[in-house]
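Going in written order, the chains are labelled A, B, C and D, and every chain counts its residues from 1.
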């Protein structure tokens, strides 16, 4: 059954609205890139100025947890793309199930992040002047970058989870179908961007040489 | 039609507008001469020549353009409602000319600006090196032979000087208008300035990077003197033959006038007249009468005791004052009595 | 007669409206309120500077008012200003659309601006802020007062600007009337479009900079704090990467308005349409490469100074082209000097002085002498008050009949202009000379030689505030007692003059067809 | 547009390649190639990002203007980095003489 979605009054039809929404979303993704980019530029500049601090700092990070998080996010990106695929194929139960898997992967990512954060706070590996880890000179600068980059990324993962949950509710109500997948595509684009940023964050923070 | 009825008002306002524009064109000419502090270094004269050139050129172009639109305003006033208007709305040749000409003018200005700037920034060989320290709201200077001073930067005339500057807290900026030089003074980093004063006298030093409440009172002077006087000054002990109170007064005038008055009048910090022996009330601690130890402690480490309704803004002077200066200051403050 | 104003009434119909015209009026009301508050601060500052020594307030109060004047005028008046008020109201009308692309996002932008403004104003009661609108570290990290509120407020207001820019780009790309190619769009739309590109590309960097500054103040993360290895000059790089394009966010829409006023009141097709359109986009792009001219003496390397100075000179060229084209539009026109046209002419005169002093500031050797002095204060007031506020007030009078369906009184309008123009020049022209004499900016008190110049300037500030008050009176007077306005009082050629004034909710009875250029007679 | 359906097989291949590349990134980081380490890990990350962009985000099938918008964002990031580090690299470091 092809669900009928009526376009807003000022658009000619649904495809006109879809192309406008996707253009708007891509511009929003461009601003997200510029915002995260500011952090990456600062990271790159300080990495060149204080290579030894960044090298010593990254030793405290558990790269196994980092790679687990990367795989989890990649998987969630995969299932997100699949949910659109199934909606277009009108296999709506599969589509909702894929959304649930994406949501679950996101939660796992945040739980792993929670363990990493509590472990670091417990060890005193805190940003800037709060750094109080015994036995190593001040790595505050590295952990300022670690916490601000992964913190900002984490807040975007949370926002993504909220949006996916909203999609799950609408998916249960059968709002989506072959004719109308716009919300799935838009949230999907945002979620892929969050994954994209983590793809760069992982090697830069965890695998510093 | 509405537009027609306001035709009458058109002529009067058109001409009124013209008078206002012409009056405002004469404004710059009248106050042009006294534009700059009189130059005191060779670089200043070059910078001034560049100023006069660009301002005269701008005035010329300005007169041309404003003249053009006043002329059009008068010639093409709306006389009736069906007036024929221009048919030509694009002229590629014209567009190119008024793009290329400004481009070349601007590039010429850039090149000239860069050459003089480069001259300003190339270090003099074997310059007299002086350290400059900026801190929240006063400047102090240290010479290579260890001589310290705060009330003025003493410099010999016609000798190249290199200032090596750093800040003890926030960003300040060392600016001598008469020498046309300015350079930010950054914490944890040294920045440098070069000049060769060609005229003796006192020249103002300002701080031009916002640095808090006392930003406006962070003033000092460059004292340019002949080589012999300078040599005599640098080798003499600054406090030779002065009584303790006079030493204190010299130190006070160099370091403390940014925030404290010698009367009872509050400035940024409290007025110091009659402080000694008075009862001081604090934010947290209980009050006490001001004795030598209290005055010494509130100079070396002021944030220990903060007087009621005064902000904790005074920077510590621990390590900056010699013992002689410290005792001098205490004696001087003791000697300050409120005016009757 | 049904129109967007009387279609629905009641406060809630305004606070929950999705109509771009009503949102434009919401912005008009809030921006004018912030403008008058900021203006009062300016008057207090000038009053304090009337004499040497303390006149009406102490140094702490002066520094806080100086900062609030800066923050309010920049983040709450001129950045939202023309794009949010007239962009919202007239962009859809001028391209023949029913509304902007995302109406809900448009309303969210207004609420973001108001929330950000509220958060910023809370700083007044939590210890005040005295860092200047530039928040330079490490001073902005050191003081323990309300600075964090203003920083978070500006952070929130930044998103209002991003979302408005995003909305306008999609509207221009997707909702133009059939037949309206890019070169049939009015120049005001070109101005708003190139501004939206800057808003979208520059503001996120401000967002991350202010976020890092907030984290710096809360947890001392040390990225910009020299005590912990950070580099304050890097903060300046990030801040000015946004703030220089931001001054083009302020000026480009105003230039769009001047193109409209020139074409309409000379009753002439605009001269060099393509030249003006391409210079708007040209300025928008080059503006991202020039931020270093704010940092010539800040410890930036001489090589970087060379680079930034030469590129800044390039930005001057398209601006000069625009001014020449506007003046040529008057050639062989049929000029009528109603109030909006006076503001356009005033703009050209004042912007000329602002532009040329800009070249002085871009020249390295000259900038060293006048950086951070009153020469710079005079320069940016010439290009901001003259460059943005003159066209903004001109646009209020130009589009007043279309927005409210009532005519303003020509006498009040012209006297207000004369007062503002005279007062402006008397206030800010003497400050050029105070600057070259070496008077630094943000000074609570100055030495004796600068006194007479400051006194002239303060007298001028009374004149200009009388002028702006008269503008307010003119607006209120004509809102209450204005005569009914015809649909096209100025014989304008752009699409908004072809619908009724004030327009209906759907803007046009039937979708307009575009067959000719925007200003063709 | 929503009418173009990307086959399941493509998605599946892409996710396999992505996982493989993640493993490669980790392995490469264990071996010390000196300065090349950074270049290699950034190269792999960019390739993975391109995969996600092209297939998962449908850039391959959608209107090319979206790709232009994305690249403009990256371009201006490069501008901030280049100009700021150009300033930092060419700074003359002054020394104290005391």
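By definition in this document, a residue touches a chain if its C-beta (ideal position, glycine included) is under 8 Å from a C-beta of that chain, and two chains touch if they have at least 3 such contacts.
Quick caveat: nothing in here was measured; it's all calculated off a predicted structure.
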{"item": "Chain whose averaged C-alpha position falls nearest the assembly-wide average", "value": "C"}
{"item": "Pair sharing more residue contacts (C-beta pairs) when B-D is set against A-D", "value": "A-D"}
{"item": "Distance from chain D to chain B - Cα centre to Cα centre, in angstrom", "value": "46"}
{"item": "For chain A paired with chain D, centre-to-centre distance based on mean C-alpha positions, whole Å", "value": "15"}
{"item": "Geometric centre distance via CA averages, chain C-chain B, whole Å", "value": "29"}
{"item": "Between chain A and chain C, centroid-to-centroid distance (C-alpha), Å", "value": "36"}
{"item": "Residue list for chain B, restricted to those that touch at least two other chains", "value": "189, 191"}
{"item": "Shared interface positions of chain D, touching two or more other chains", "value": "72-73, 76, 80, 84, 88"}
{"item": "Touching two or more other chains - residues of chain C", "value": "201, 205, 227, 231, 233-234, 238, 299, 302"}
{"item": "Complex contacts: residues of chain B adjacent to chain C", "value": "2-3, 6-7, 9-10, 13-14, 16-17, 20-21, 24, 27-28, 31, 34-37, 46-47, 50-51, 54-55, 58, 61-62, 65-66, 68-69, 72-73, 76-79, 83, 85-86, 89-91, 94-95, 98-99, 102-103, 106-107, 109-110, 112-118, 120-121, 169-171, 173, 175, 177-178, 180-184, 186-189, 191, 204, 206-217, 219, 268, 311"}
{"item": "Touching residues on chain C, where the partner in the complex is chain D", "value": "201, 205, 231, 233-234, 237-238, 241, 288-289, 291-292, 299-304, 307-308"}
{"item": "Chain A-facing residues of chain C, complex", "value": "97-99, 101-103, 105, 162, 166-167, 169-170, 173-175, 200-201, 203-205, 207-209, 211-212, 215-216, 219-223, 225, 227-231, 234, 238"}
{"item": "Interface residues, chain D side, partner chain B - complex", "value": "93-98"}
{"item": "Residues of chain A that touch chain C when the two form their complex", "value": "8-10, 16, 19-21, 23-24, 27-28, 30-32, 34-39, 42, 45-46, 49-50, 53, 126-130, 138, 140-141, 144-145, 147-148, 152"}
